[in-house]
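Handing you this structure, nothing more for now.
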Amino acid sequence: MRFFKRFAQGELRLTRIEAFSDAVFAIVVTLLVLELKVPSLHDHGSVSELGHQLLDLLPKFLSWLISFIIVCKFWLNHHHVLGLARHANYSLVWLNAIFLMFQSFVPFPTALLGEYPTNPLAVCMFGAVMAFNTLLFIAMHAYILRHLIKPELASSQDPHVIRKSFIGVVSYLIGASAAWFSVHAAFLFYMLTPLFFIVPPQPRRVD
Amino acid sequence: MRFFKRFAQGELRLTRIEAFSDAVFAIVVTLLVLELKVPSLHDHGSVSELGHQLLDLLPKFLSWLISFIIVCKFWLNHHHVLGLARHANYSLVWLNAIFLMFQSFVPFPTALLGEYPTNPLAVCMFGAVMAFNTLLFIAMHAYILRHLIKPELASSQDPHVIRKSFIGVVSYLIGASAAWFSVHAAFLFYMLTPLFFIVPPQPRRVD
Amino acid sequence: MRFFKRFAQGELRLTRIEAFSDAVFAIVVTLLVLELKVPSLHDHGSVSELGHQLLDLLPKFLSWLISFIIVCKFWLNHHHVLGLARHANYSLVWLNAIFLMFQSFVPFPTALLGEYPTNPLAVCMFGAVMAFNTLLFIAMHAYILRHLIKPELASSQDPHVIRKSFIGVVSYLIGASAAWFSVHAAFLFYMLTPLFFIVPPQPRRVD
Amino acid sequence: MRFFKRFAQGELRLTRIEAFSDAVFAIVVTLLVLELKVPSLHDHGSVSELGHQLLDLLPKFLSWLISFIIVCKFWLNHHHVLGLARHANYSLVWLNAIFLMFQSFVPFPTALLGEYPTNPLAVCMFGAVMAFNTLLFIAMHAYILRHLIKPELASSQDPHVIRKSFIGVVSYLIGASAAWFSVHAAFLFYMLTPLFFIVPPQPRRVD
């Protein structure tokens, strides 16, 4: 029990946690492009061969684009949610670390989706990972609202915000399930889901 | 309509947006060098074989150099333009995210240019991507000038700055078109274009 | 002698050292995921083939997870320990640089562990590297406690903290030795060791 | 002429230039480890095979270590030299950008040195690149001393510091020349040269 109590202690500055998180987010979105490999051509000067090869890369372009938007949305909401906290304790540091761990995992399911866009398992896994990431984010959000909220912001929080956040989880899971019937439907869900909370709740809040 | 109105809300600190952007710029310029792969030699100790292989890498060195300069120029102008804003709102965050998305895309056309410097499509694509990046940057600049400019700086802005910025777009597109006639001409345009706005407009402004 | 004396000089701001360190930590944890390569399938649409290939990646997932937690723990303790110093001198800068050098080395033994989880040498090396990293961290901690501690924090430090830190070194070395008898025992030690000091000592300290 | 005059204009905050530079330095040192590739074994469980393969990696470990120390030394001196400037102008921004360009190039000659440690051209090139990097750094240092030095620090600067800095250039070039007679001698020079200015000049200066 003492082990768990220690996590509630500590008053860390948020700036260094933000700096670490920002760097992780930035590296993740930039690594995504590494999956776009230069195609190897038999005839180096052939326009038509290169054109066909680039067209074959379309699923990779699309999965890169979707993941980029999703990670940026997480970054924006992360920015918003950390702004609600008066400081960090060790629980928040570790909730954040586990959240960043699975953010840094995103390039893998993205590459899988881009490489095998017709394989239901690959398409399903993408949605499952994003649902899990959203869950981890909700855990952080809920922890801050319950334990670390700045007193002056407490009253202005939407009491249903956590429940509403589950819309994203459910939507990703619907996409992941749809993958087994139609990968196109799954892609559509993955593109539409980030539109929820593309702007954080309570934009009235002045940062 | 309510969906779009929410983007105009929010007052975010610029520092964390700058930190995120700086990290993306830094990773992009550093990833560029990963395309310079160590050549594989039959005779590990052969000076002449290594010499020839390094000479074959010249187009890659050149495309690395051009892209590095271009991205640094974007960084410098990004620094200048964000300095004009009094704060960020969600529109600016997303304009910035989309701009960074295509900055992080730069290693791909750079690698293509370095690998197939004689392929018109590869050479053309490089210019098209840079033109598009410049357009995205102009969108951010124009948005800040119209909606978020610091009151004290409003009067000192060149009213034609946005129109002048299109010189860069046009110049990249001329290079991209030239690629179909002469790849050397295209390379020349790509090297000269960054000289426009290599120093941001209005250097009188004190940061 | 004059050569060594110069290291004790200098009063550097800690912020830029923290920024550099944070970036290194962030890149290290994010690079870890690059070892998770997309498997190549004969039948692109085959769910069972992809499923089996993903299961084969389990040791890589596990070594990624362990290393991520370990590096995050180093980050957190680094944050804590630098917070004890009133400023940095050149000795601390170089102790920090050598510590970061071996942090940035972590992706190599992690990849080795993930690729050859049944090879005693690969499993042993992981523990040996982590023990060495912990030693480098202890050196930094001890140097700060002896030479750079903030006067107001000096009295509140646990006088046995350095001796206690060796528990981590010993535990990693037991894991490294166990690898030669049972790789499963070694994995277990590698997973349990980060639980020591998962929260820095003296959480009473206000940052 | 007007083109060049514009570079002397602008008063930019140093913080964002430092943040960009720190990120580039951090990525460069962390990318260096990517050259250490996991060896492929015929017998996955064989200790002796893995042992031999790791021994074959020794030149790569050594070149990684040398480059890491060199880049950290550049980082430390960069930190020192930017601390002398009262602000940045566009000339400094571009001198810094070109310096960072060739810092980000370091992984390439490092990989070459690690892959072909007995090839005189590979060994020579490493020293030549480091000499060039040192020259670029001297250019930045000299520019700051001449145009941007903080008034209160001007009198305390060693008037011969620029001339002394050329020791590093000469030493790297001697190593690069030695490579054609003895690669071991070259390695020795590359290891010893960073010891010059391993602590920035004038450690009396309080940051």
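Note that the chains take the letters A, B, C and D in the order they are written out, and that residue 1 is the start of every chain.
Throughout what follows, a residue touches a chain if its C-beta (ideal position, glycine included) is under 8 Å from a C-beta of that chain, and two chains touch if they have at least 3 such contacts.
Remember, predicted model here, so these are calculated numbers, not experimental data.
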Discussion item. Suppose you list every residue number at the chain A-chain C interface; are over half of them used by both chains (same) or under half (different)?
Written reply: different
Discussion item. If you average the CA coordinates per chain, which chain's centre is most distant from that of chain A?
Written reply: D
Worksheet, complete the sentence: CA centroids of chain B and chain D: separation to the nearest Å works out as 25
Practice prompt. Would you pick out the residues of chain C that each touch at least 2 other chains?
Written response: 19, 23, 27
Practice prompt. Name, in rising order, each residue of chain D that touches chain C in their complex.
Written response: 18-19, 22-23, 25-27, 29-30, 32-34, 36, 38, 41, 44-47, 50-51, 54, 65, 68-69, 72, 75-76, 79, 198-200, 203-204, 206-207
Item to complete: Please give the residue numbers of chain D that touch chain B in the complex, ascending.
Response: 6-7, 9-13, 16, 19-20, 23-24, 27-28, 31, 87, 90, 93-94, 97, 100-101, 104-105, 107-108, 111-112, 115-116, 118-122, 125
